[in-house]
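In what comes next, subunit A is part of two complexes: it sits with subunit B in the first one and with subunit C in the second one.
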Partner chain A sequence: MGVGEVVAEFGGVYVQSLLSTWLMTIVCFLGGLALGVLITVMRVSPIKPLRVVGDFYVQVFRNIPTISLLVIFVYALPYLGLLLEYRACLIVCIILVVSSFASENFMSGINAIGVGQIEAARSVGLSFVQIVRLIVIPQALRTTVLPMTNLLIATLLTTAMGSQVPLTPPELTGMVNYVNARSVAGISAFVVSAICYAGTALVIGFLGNKLDKKVRIVR
Partner chain B sequence: MSAQTTSMRDALYEAPGPKTKRRTAIGTVVSLVLLGVAIFFIIRQFYITDQLNERYWSFLLEWTTWRFLLEGLWGTVRVAAVSGVISMALGLLLMLGRISNSKVLSAICRVLTDLFRSLPSLLLIYFFFLVIPKYGLRMPPFWMLTIPISLAASGVLAEVFRAGVNAVPKGQVEAAMSIGLTHGKIVWKIVLPQALRIVIPSLVSQLVVVVKDTTVAYVVSFPDLMQNARVLISNYDALVSMYFVVAIIYILINYAINHLSIYLAHRSGNKIISRETENPL
Partner chain C sequence: MAASDTAIIQMHHVDKHYGQLHVLQDINLDVHKGEVVVLIGPSGSGKSTLCRTINRLETIDSGEILFEGKPLPQEGKELAAYRAEIGMVFQSFNLFAHKSILDNVTLGPREVLKTPKDVAEKEAMELLERVGVAEQAHKVPAQLSGGQQQRVAIARSLAMHPKAMLFDEPTSALDPEMINEVLEVMVELAREGMTMVVVTHEMNFARRVSNRVVFMADGQIMEEASPDEFFDHPKTDRAKDFLDSIRGH
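Take a look at the complex of A and B:
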């Protein structure tokens, strides 16, 4: 089967799976960002146990393979009395992983600011809230545009783990399996999915680069 | 990354007065209590679902269990090591092609780099597992796993190498040109030796990604750590304990690799270039 025939026969499912991949990517990325902000607040707070827990959280979830986390959620947690739907498992797992990387990005954004600026701000009499709002956050956000763009692409690629659990509609990687189980599509099924991934990543990268050029701080 | 985070954290706050000290102390106590409660409830949940029962954990005391897990780990290490080497060679070639004088070669290498970077390794594994055999090419599971992982990593590594090349001061290249060295000689004698040294910590940290990618070895039924853990689960009927133990092993391995790379970066004064820090396009 050529690419054209695959699109003709499975086009509808492909559109669904592309949308499903996009939706999961967006949900996981935004969820990861939100949780990442929370973890980062814990990590920079003056309360020692919160810092330790935040650091520990990041080390655990940036080092665990997503599939290892996913099997715990799908197969182990039901034994512990927590039964989640497949898609929910997948999304929660990816959010946990993404949030740890998001927090690392925020932390290096904060670290890039430099102690001198904070000392200068304090010496002109800014309060803690003012320092965070006027000096730390605007600069940290600008520096994290490129890393977060890369994280968004990484999130897109991580949703491929969805092929390891039954999903309806399947996401783009699961589609290769889906199409191959129903026809002799061969390489075409792979090509269509690959184009969808690469195209999406290209657009994300392009937009991220544009935004970065606009807001970048030249140090 | 995390090794240098302390200074800025502390710089955010002024030296605390008596009020703030008291507030921080209260916050510390409250958070410790909450943490204790959370841990208590997690352990309680294990207890009331009978997952702390000895029969789920005792097999971990047997040497045969660990020997089998170590055999799996050896599979993981083999795939990760071979993928690491292949992806480095391929990444270096892609980068060299991209900075070459030939416009055609440069464009081809650029497209390949961006393609490998923007495809999930799992999709590439399915390509080698499902698609290639349909064209009559049978490969052993080891290579069905190692080749796609190498390809996925090579795209990222090509960019890491390129960042290393860009970090070599321009003046050196100009100086080399002015004494009449050819493009090839400049790359080979001036740029590469320095660029490679700059990216060593980044190459090490990239191993984490490779190790993570190996965990889907069960797709091609290659006996890695995860796959052997699955076998043990069906033998001992101890799913929860086994999956948690395997997760901890993976976390410890990757943590060690990460710290090695941070240590190398500190010692040499070079930054770690990773997928997160490089240019997405």
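Take a look at the complex of A and C:
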């Protein structure tokens, strides 16, 4: 079965699976970004226990393969009385991993701000929370557009982990199993999925570059 | 420029160490309302550190610092509220890089003093006018020269209506042709009666504008005198050596 035939026969489901991938990517990335900001605020806070917990969090979730986390969530958590849907398990796992990488990106963005601006903000009478909200986060976000673009693409590709659990509709990689269970498409089904991933990633990369040029802080 | 009798800033037996280094040794200093005190001395003498302890950007090991008769707050809200009353101008300007010049000046009033946006902007424009950078109001800091950035930094401090202002080597990072435009703003402030503590190497400024020169070396105040007395008749050898070295060329 050629690529054309795959598209002709399964086109509709492919669109659904592409949307499924996109939706999970957006949810996981935004969730990861929000949680990443929170973890980063903990890591730079004046309260030591918060810094320790924040650093520990990043070391844990940055250094465990997402697939292992997923296995734990799907098979171990029910023993603790926590039974999540497959899609929820997947999304939570990816958010945990993405947030730890996002926090590392933020930390590098924060290091670029320089202690002088923080001292100036303190001298004006701003509180820690105000400094974080008004000076640190906006600058850290704007200086880390490119690494965050990479992280968004990595998030997109990590949603392929969804092929390891039953999802309806499937995402792009699970879609390959779906197709091959119903016909003999072989490699062609992979090719269609790969094109969808690559196309999405190219658009993300292009938009990320444009955004970076627009918001980058001149120093 | 008569300074009144009330000491607005008082430092009593202040000591500070950086590890083994004794950077402030038994510092006793009073700054009166409306007074301009210039701190001079060789680099590493502790003058910047002293300046920074006054708004608690540096903590001290022992002794006490009083502002308007009250000890400086330790942490939290009271410390932030205290800092809002003291202007600080840094060597490297430290403008907020992601904000326009206007927003740099209005940020403090809006967020700390809760001044309404239009009032804060009107006042900020007046201040920017006064320091001569009103036309740059909508640019970002990186688009301005060092001298312009430093004048914005002064306007940013003034927007908080400070009771005193600290200047930590405000002209040391500037190209020579930009030093005067910053000093002029500071001279005008001094004339208006602002209480100022200025760490500087600008001896002409010290001589013309200050009420008192404090000479520091090795973490100690070696000498304290009126500018004429200090520059014409320094008492200590350290001060004589220092003045010789800067007049040497």
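The rule is simple: the second predicted complex is superposed on the first by the 195 of 219 C-alpha atoms of A that agree within 3 Å, B and C clash if a C-alpha of one lies under 4 Å from a C-alpha of the other, contacts with A are read in each partner's own complex, and residues count from 1 in each chain.
The working rule: a residue touches a chain if its C-beta (ideal position, glycine included) is under 8 Å from a C-beta of that chain, and two chains touch if they have at least 3 such contacts.
These numbers were taken from a predicted model, which means no experiment stands behind them.
By the touch criterion defined above, A:Met107 reaches subunit B but does not reach subunit C.
Using the contact criterion defined above for the overlaid structures, shared-chain residue A:Phe10 touches neither subunit B nor subunit C, since it reaches no partner. In the superposition on chain A, contact of A:Ile217 is made with subunit C only, not with subunit B.
Legend: residue contacts after superposition of the two complexes on their common chain; A:Tyr178 is shown touching neither subunit B nor subunit C. Once the two complexes are overlaid on the shared chain, A:Leu134 sits against subunit C while remaining clear of subunit B. Look at A:Tyr57: by the touch rule set out above, it reaches neither subunit B nor subunit C.
Looking at the shared chain after the overlay, A:Glu119 reaches both subunit B and subunit C. Legend: residue contacts after superposition of the two complexes on their common chain; A:Arg142 is shown touching subunit C, with no touch to subunit B. Between subunit B and subunit C, the partner in contact with more residues of subunit A is B. The residues of subunit A shared by its contacts with subunit B and with subunit C are 113, 119, 122. Touching subunit A in their complex are the following residues of subunit B: 1-2, 4-5, 7-9, 11-14, 16, 20, 24, 27-28, 31-32, 35, 45-46, 48-49, 51, 114-115, 117-123, 126-127, 130-131, 134-135, 208, 211-212, 215-216, 226, 239-240, 243-244, 246-247, 250-251, 254-255, 258, 275-281.
Taken together, the subunit A residues at the contact with subunit B in this complex read 43-51, 53, 55, 58-60, 62-69, 71-72, 75-76, 79-81, 101, 104-105, 107-108, 110-111, 113, 115, 118-119, 122, 128, 131-132, 136, 146-147, 149-151, 153-154, 157-161, 163-164, 172-173, 176-177, 180, 184, 186-187, 189-190, 193-194, 197-198, 200-202, 204-206, 208-209.
In the complex of the two chains, the subunit A residues touching subunit C come out as 113-114, 116-117, 119-127, 130, 134-135, 138-139, 142, 217-219.
On the side of subunit C, the complex with subunit A involves touching residues 55, 57, 77, 80-88, 90, 92-98, 107-108, 111-112, 140, 142-143, 153, 156-157, 160.
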